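Labels run A, B, C and D following the written order; every chain starts at residue 1.
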């Protein structure tokens, strides 16, 4: 019997970390050998997360690159922005594979990172070394590498919804407007008035308009695809729900295209990619239809009156937008079947 | 002591009707003399709405124009689309004042009505006679008239957010994109899978993209303001909450304007209008901040990178988007203080 | 024109304080002359509560008894437990009237206070001086006094549901089991994992079983009514909603009584009390039916199979369970109409 | 390679049916060969349930026992009450195995069925033949049988929480009070005002007090365990959430027992049963901690003041309360590992 790949999870007391634990339970080639938290080392993980009782019961380890190197083959770093900047180079130096979920290595330009993230950027060497793991677009680049930077939640939904049309030259690059909405889990488990139940429930709010750190990430990829600088208008909103992201995207069309044209274009682009599902004409997806799963569902509405297309793309922000895509990236790195550990049917209702 | 204006409410078992009852309880110059429902005549209203126990307890009356003329001076018709088409002419003929909340008399062009509403249009005479009651824009037209067509919920939030900038020539008329979100009460009290709790909760969905019947209503007013045909892209979404609408609006700017410029422009436009509140720079409103009240709150984010402005406008869809504005229109018709019966502080949290 | 009573609110940045502001806006005999916060003195209140924009805009004052005595006639102390213990004696000494919402003065026995609240108790003089303001039961005691201790949210719903039956000798005092459920606003505006949206939403949890500090408050009153020591079983749960409390109460019946008997008994007991509504047979109230209002609604189910009665009592925890009852107490203290400032129809839906 | 057991699901357009589909996707020994709906035969299942796109795409079949016998080895009947009464005998006659989720065969006494369900009872032969599939209590009876009646959702949570204590003689059989709360999915996918989003959201309501059809089911089992007639007080409430049941149960203790005693008793009783998790002292479970999984989590609070124990038991009503336990029963019938197809970690948050 083949031995399993040993995985460590840094940030196991955050929502991304705990979702990695959930999903990896069903991965046939991976075993979790360390769950790590800088703040709660020594505490049994099921104390903070009783839902894991009887499933995974172990004490949280502290953050120590050497110990990780002894216990694990791969590390998922689901850490707050800024922490991975320092930790990942140590992990790579210790010979570990890394899938980083923090966002620290997504931008290739350190100056841009510092402008949007307000932290010092990682060393340029690592920014360049990191493979941006948007699986359905750059999946081939992941094979065999040891360091993946996992895309952000908003960028994943947004980019998968825009890239085929942009690449095909069907939409005007300077016309793109992205109206994004997220469930509250995207803000993490930290406490603040922003995530206080009584402030969120029965409320809908916009935040960080044109200021969200996912903007340069989206623009970097769209620019790469278009071959010329793309600038977007991007708004984020908080929805009174826990999981799910919807990106509603607007663009002026180049040429005349029907919904059916878009559907055909996208289905061709994503052929062989099990986790993008393109809806039939007249139908756009809702967030609950992907909840708990690694799917990104996409639908279209074209409008001859205005010459614009509206593209709706949904994901579960913690799965396809974080832990699920991280595992998908692991599978691609290792040359495994892309779907290992990800065979979850959406939980509905 | 002055006698009160006698009001009848048709559609008292819908959310718009029952909200009229709530608000009119505190109106010093109005008394409710008949609550009317075609489906539940003879039933005590507190049976279907126990929250009214001890507040208003009377049997629902049937729909009969002559009886209304005997019992009431004004009728609020909070009926499904298509019903008012036939009923309102009878009420007017009987000498009643009417504020119609159904949407049947908002469009001036009967052909356009039939295209979007899929019903036969009202007689053109009534389409022309109806005064479109967007209070902060057309309030002067309401004085002394006997028939107001109350604006739709989405149009109210959207138009109040766009008109000052459009009138000032600050935004490109052909660039307007409206991404609107509504709580579920906007769909009414009728039962369907669309409003089933388990289908809505922890879900976010788009619907009727570019097909909503509020599109021609918005375009009719914007065209009036701009003096030339305006066509918009308009998407509606269902938010897992009961009350509240947010319109997030995007437009290319003509000239360079900062957030502060927009704030000054809008505060000047809405000076003396107590129910529009323009937020300070850097702040956009959330729906809960107007919940239960007649306010429309507006905020701005300008973006020098893209040359666009993002305008956020929120209302309580049942108050400012229906019953509250209807009462505001009544006040304007009667020449009363605009705020009578509407002095509700938002319910927060 | 009569001058208004000047009111100060300590704890204006908490949910109880901000609700006092909402309700007092419509009180014809009270004006708010100071909003006070120990943590945010100098900050305009509408910064933290934008829903108050244009309604009440003033800087928060610091906590200073002398200043309050100059500016106000009455102080509502909506402070965390322990703060009022020290503040209220100063306010009374300065000649102010006080309605205390903190809970510090509800128990007559300081030792019991310290056992359940884990703080030092207030001086016994003040414990004895405080009038426990359960309006529909002890309302007569409020007339003319200068110091009311406002009941807790759970005790209000629970006691109003139990007292008539207990006083009538219809239920066994040692058989009372109270299964209580509250919306999250009851936990206040402070941030913690307990009130984190993602932890509460789509979740239902029990907490502080048999350990809640409202237990001795409930038992003190029931003991007073029964004339002999009453001990209850009391469980509290958090419901994924913002407002509302339901107490589902169980007791063995003494003698045989039908639902109709209970209804008659309670309607007689609460005759002339506008804020208790007793439902008809076969119907129990839901929390939304009192939301935003000062009502306590009560319903019954008797069970001949088990000889038990189930009593369901609901309130809005921030209104009847806090700010609303505080204003009702003010009205009783002043000899005003009990309903002044409280004429709010429940907000439904 | 071993061929798989072929399964048909009647009621595939209800929440129980669609959850069977989700769970069976991961069952290594079962394949779904027919999804059946009386109302939607001929319609592709993914039309009504787009979350199944790309996972299971087949037309819904009509209800025909002979066709089922050709296509399947086992039928899950997730039908409304009354339908299985007629259908199940046909399926058994055709040689099919049946797990019935409808409730029609849970009561052994047809007269009692008719009293509580208000339908004609199934033939007594089938009432007696049905094995009541409460896995952790009666699991041994399931081995090798061809007809299981799957327990109700409330009874599952309630009985697993009460049986060890009742069997041990630690609680008074005539003192049991059950305060149960359920998410809205328990009411099914049918539309009604009761499950209308705007009526449920931000609301908490009790229903069917002492009248729920799960009462005789609970009493039948408790009577079996106690060896003497047990009668309970039982209240059900609707929680504004989709999934989850909590039973908060109260009973007078016989003898003195601590929380630790109860924990030890229950852990011993459920030893070797992977889907019951007994919490540590001082901790009671919340519904989200089992969401999406087959677990039943149980916690205790004993109270020396009143001599009562409070037992809290939670399940996911659609998994352990319906589809999950049905699959667990299948596993027990077939002599398979109890956990096949049920290895889902709870989805948190």
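Basically, contacts are C-beta pairs under 8 Å (C-beta built on N, C-alpha and C of every residue); 3 or more make two chains touch, one makes a residue touch a chain.
Since this is a predicted model, take the numbers as computed values, not measurements.
Here B-C and A-B are compared, and the pair linked by more C-beta contacts is A-B. Centroids of chain A and chain C (each the mean of its C-alpha atoms) stand 46 Å apart.
Measuring from the averaged C-alpha position of chain B to that of chain C gives a distance of 36 Å.
With centres taken as mean Cα positions, chain B sits 39 Å from chain A.
Shared interface positions of chain C, i.e. residues touching 2 or more other chains, are given as 15, 183, 185, 198, 201-202, 240-243, 286, 288, 291, 349.
With chains as nodes and touching pairs as edges, the resulting graph is complete, every pair of chains being joined. Only residues 177, 179, 181, 183, 198-199, 201-206, 209-210, 231-233, 235, 237, 239-244, 246, 248, 250, 284, 286-288, 291, 301, 303, 305-306, 308, 310, 312, 314, 349 of chain A touch chain B when the two sit together in their complex.
Of all the residues in chain C, the ones that touch chain B in their complex are 15, 18, 21-22, 25-26, 49-55, 185, 201-202, 242-243, 274, 277, 279, 283, 285-286, 288-293, 295, 297, 343, 345-349.
Contact residues on chain B toward chain D in their complex (touch as defined above): 15, 183-185, 189, 191-193, 195-198, 200-202, 240-242.
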